[in-house]
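Single-structure report; data block below.
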């Protein structure tokens, strides 16, 4: 029952949010309470997942033999915990952000947000491909109002681009799902691959894998399917933060992991050489995205390209199919989420308080916003892989995984991109602390506590999870047990 | 006692109301509407009873005048026909609840003939569905078509021309069907469907049999606007009054699709159109062409109703595709799409009716975000129906496509899979084009009044409730599609697939 | 029935239909259509369908012709093709 | 060949009539001409049905006290006839509706030429 | 409204013909259930006679016999008669249109069927007369309000 409740918690909040559109405080109360409730439900699932006991709930059939089913397996719980946990921070932050900017249509904003979160949790807990597909499409549609929220021509064209990419991916995924159903006769995810043991011809398998990869790869931002992501930065910053660092893109990489580990399985991946295909794509994406990030002057766009790169870390980790690599990849979902959300929060805070979007204008901003820039520094260091912060931890495992799989190129890519990360983040930090602005900053100071507190919290979380990866939720153990089930499931 | 007459009740209710309306109309124009509505609700009730009986006890036969079937005419209430009649009556009731205001404003002064002819249309459509006799089917087909021409013709200025062209093509279609029937009758000496189904398998494959089959398929194809015989449809649906298009677009062509299904799989044996003649394949190719053609032209339209009409061409082709494949999955998809598309199109056309009443036009290039201010609920209904047309789960439209995709994969028809999916995207293009204008295009302020000064001008409850019911039903149809498929649709598919 | 009679009637029928379609004066076309209906009715009776022949005569040569006439009463009498 | 034509001459004539009717409906531009074509087509279908039921030594299916009622071989099958009565009714109803449409088309556009009409509809 | 014909011949001939036409039409209607003819043909003939009187004698004098306004209600009533007779059979335990169950004081089902059909024929005739005259009047009116 719990997985269903977790999905429904925010969905149930939607009508309440819509009804209380005249009373902003009440409306925000609903959002926050839904977020807390949802997080509580998800947390309650953690012990079970750690004990490797998955709560399963199967509702009505979606198609004969395929039901609308939720299963809180370790991977799902892992992803759901991060998404729902960070939603709480984002909710507070959003309130500060939209009120700070006196945004219009706040009701639509919060309602869409709630639907998105439901869909994300639905994706996390879906027990089969059809359920996954269902929530994947809902997520696509529910994100659209957030992307076009500002209703400027830029936002609208960004929305178009977003829809064009994600809807196309959706129909490709439909084809892939239908084909899988035709081949395997069932659609439930299983560690080690639901297609394992099916008599799929090599050419067919290749096509099917390509379809899957295109279907989930768009949201995961694998090049050359990434270009909607930087464009979608036209959305308000909290949206970028949660959706483009946590929910939407992570649903994409989550989908990649599901496809690699639970649909095809390690054995098929190896046999047909898909792992190298994915590795090449991911490695290229990491390097190219980092290089592109260097050229961006808009802070959010730079963050977006950084996201594209880091998503491919996860993809690459999954494609390595070695114990540490897979674990590191999964764990990177969590670490990248906390760090990137911090960075986006900071960008939003700067925008709200100083209306600055470009990196060139950030000279000396740290004096105005010490807390914000402190958090930003933590996030930037973490993404570059500096030790006490959790980014180091996942990268370490990814590196080891590359060695385990004898993929030295992958290791090289990780190291090189670490350097590139440093190259595109440190100038920002440097400007903020050591340059002085030519204009006299007119003392706007820090943003409202509603924004600063969440971003400091997420920065602290980044450090805490760097020092103690297993604290509270046992993220690392979860990642390990997922890896084990996938890799051993392949051998059975 | 009523139970025994169930197959008869639905058409006869409509027939009586069609005849009674001109008489009560003598007493006053305002009495026409309630009679039509009450009759429709009664018919819905009877059809629902019929469905439950047919699912519980199997086919139910009703011989007219006490003459035994091969000679006399019989009505058959089997799962397929009862499901169709529930669909027809239910949607008609909803559209009629909606109809009072639009009819008053669009066909003012002609309410009595309008409602009477509408009831006649429903007599014809439900008769087609329920009859077990091929010639009787022709008669009902013509009754419904004639009524259809009439209620189209009372629309805008070009409506009579559209109706006339429809009449010419529709008559050709009906005549083709009749010629096919003549050959079939010459060969078998029978017109009863069940009787024919037992005779035809024993016949040798002679030219007359082939001609008869082909003629019937072509004739029905014309009536269902199967590409490339769709020429009459766009104009007819565009210029008809809102209520007429809301009735004809979801129901008229679907009933023709039903006839195709009946003839191809229940009268002739399923293998006839598959193995002996390449009719199934031809149908599939035509359908694939129609799916693409309809969607592409829909993108080019400037008028919302016309866009919906072209989208109908494409959606009907989906149904034809399922019938063409003729496997169990494909037929499931086709029947499910008949149901789903009826709901979606009805919802969309009702919203167009609301729009015409509130803002007086439905030209896409003049839409702006005043619409969402003026009529938020109608627009919400439109959005849901549009998303369903695009195929976003868990809305109904996704699932019929899902079955069709499964069926195409089963046949290894990759081109068809690609076309179905591509059309999803094309439909996303034309629907989001509308949605974007409705929600995001700033008000083309006249006199600088601005967005905030607009007062909400949503249509009355009697129009809003059916609209929202239809779009809400899309969720239910989608989520519970498996129940529908396993409980109802599997029961209605031809036994010898 | 005599085969010669039937053949003659059929030839008449075809001729009348062609004339009805090709003549540019619509009134003449309608007159020709009446002839067509009558011939068709006699043919039907010749084939043994008395009822159908009767009806065809009443409807085809009577009612339809009247309807055509009424329609032509004020619409243009000339056709372009 | 000659025998083939002779044996089925009625059907050949009917097919020719059908084609003439179709030609009138589809290719004639004048709406009245289209309706003339429609009448021709419908009559030809009626002939087709009646011809299919006829036989040389049968008589009209009317109750005659002088003849045996029990021997169906003596009578022409009346079922196609009843069907055709219905078809005639349907045909005349179609014609009625068509004329109502025709008049209303003319009232709105002052022309019955299809090409001109389509041009004016744009 | 149609003007009377100017031609004396037309006026005289049609005035003479109309009563005979109508009587013959009645014969066709009532003879229909055991000979060629019937409600449809008879109704069409009645309608033809009425239309002839409209065309030859002019609208004003033709209205005396049959008002324009009667057309569509009569059409509905006739069809209703047809449908109602069928329904009566249902209420007396038979199938729809099973005349053997009509509550007439006759013993022989065959006779019952025979007379049942007579009701139907009358209904059809009324319906056809009404409808055809209504169509004619409608078409004619369609002109006049336009000219």
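So that you can tell them apart, the chains are marked A, B, C, D and E in the order they are listed, and the count of residues begins at 1 in each.
Simple rule for what comes next: a residue touches a chain if its C-beta (ideal position, glycine included) is under 8 Å from a C-beta of that chain, and two chains touch if they have at least 3 such contacts.
Every value quoted in this text rests on a predicted model; they were computed, and no experiment measured them.
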item: Chain hops separating chain E from chain A, counting only touching neighbours; value: 2
item: Identity of the chain that, by mean CA position, is farthest from chain C; value: A
item: Centroid-based (C-alpha) most distant chain relative to chain D; value: A
item: CA centroid of chain B to CA centroid of chain C, Å; value: 37
item: Between chain A and chain D, centroid-to-centroid distance (C-alpha), Å; value: 70
item: Interchain centroid distance [CA atoms averaged], chain B/chain D, Å; value: 29
item: Centre distance in Å when chain D and chain E are each reduced to the mean of their C-alpha atoms; value: 24
item: Residue list for chain C, restricted to those that touch at least two other chains; value: 50-51, 55, 59, 63, 67, 70-71
item: Shared interface positions of chain E, touching two or more other chains; value: 36, 40, 132, 135, 139, 143, 146
item: Pairwise chain contacts, counting only pairs that touch as defined; value: A-B, B-D, B-E, C-D, C-E, D-E
item: Complex contact set, residues of chain E against chain B; value: 72-73, 75-77, 79-80, 83, 87, 90, 94-100
item: Of chain E, residues touching chain D in the complex; value: 34-36, 40, 131-132, 135, 138-139, 142-143, 146
item: Contact footprint of chain B on chain A as seen in their complex; value: 60-64, 68, 133-134, 137-138, 140-141, 148, 151, 156, 159-160, 163, 167-168, 170-172, 174-175, 178-179, 181-182
item: Interface residues, chain B side, partner chain D - complex; value: 71, 135, 138-139, 142-143, 146, 149-150, 153, 157-158, 160-161, 163-165, 167-168, 171-172, 175, 178-179, 182, 185-186, 191, 235
item: Interface residues, chain E side, partner chain C - complex; value: 36-38, 40-41, 44-45, 47-48, 51, 132, 135-136, 139-140, 143, 146-147
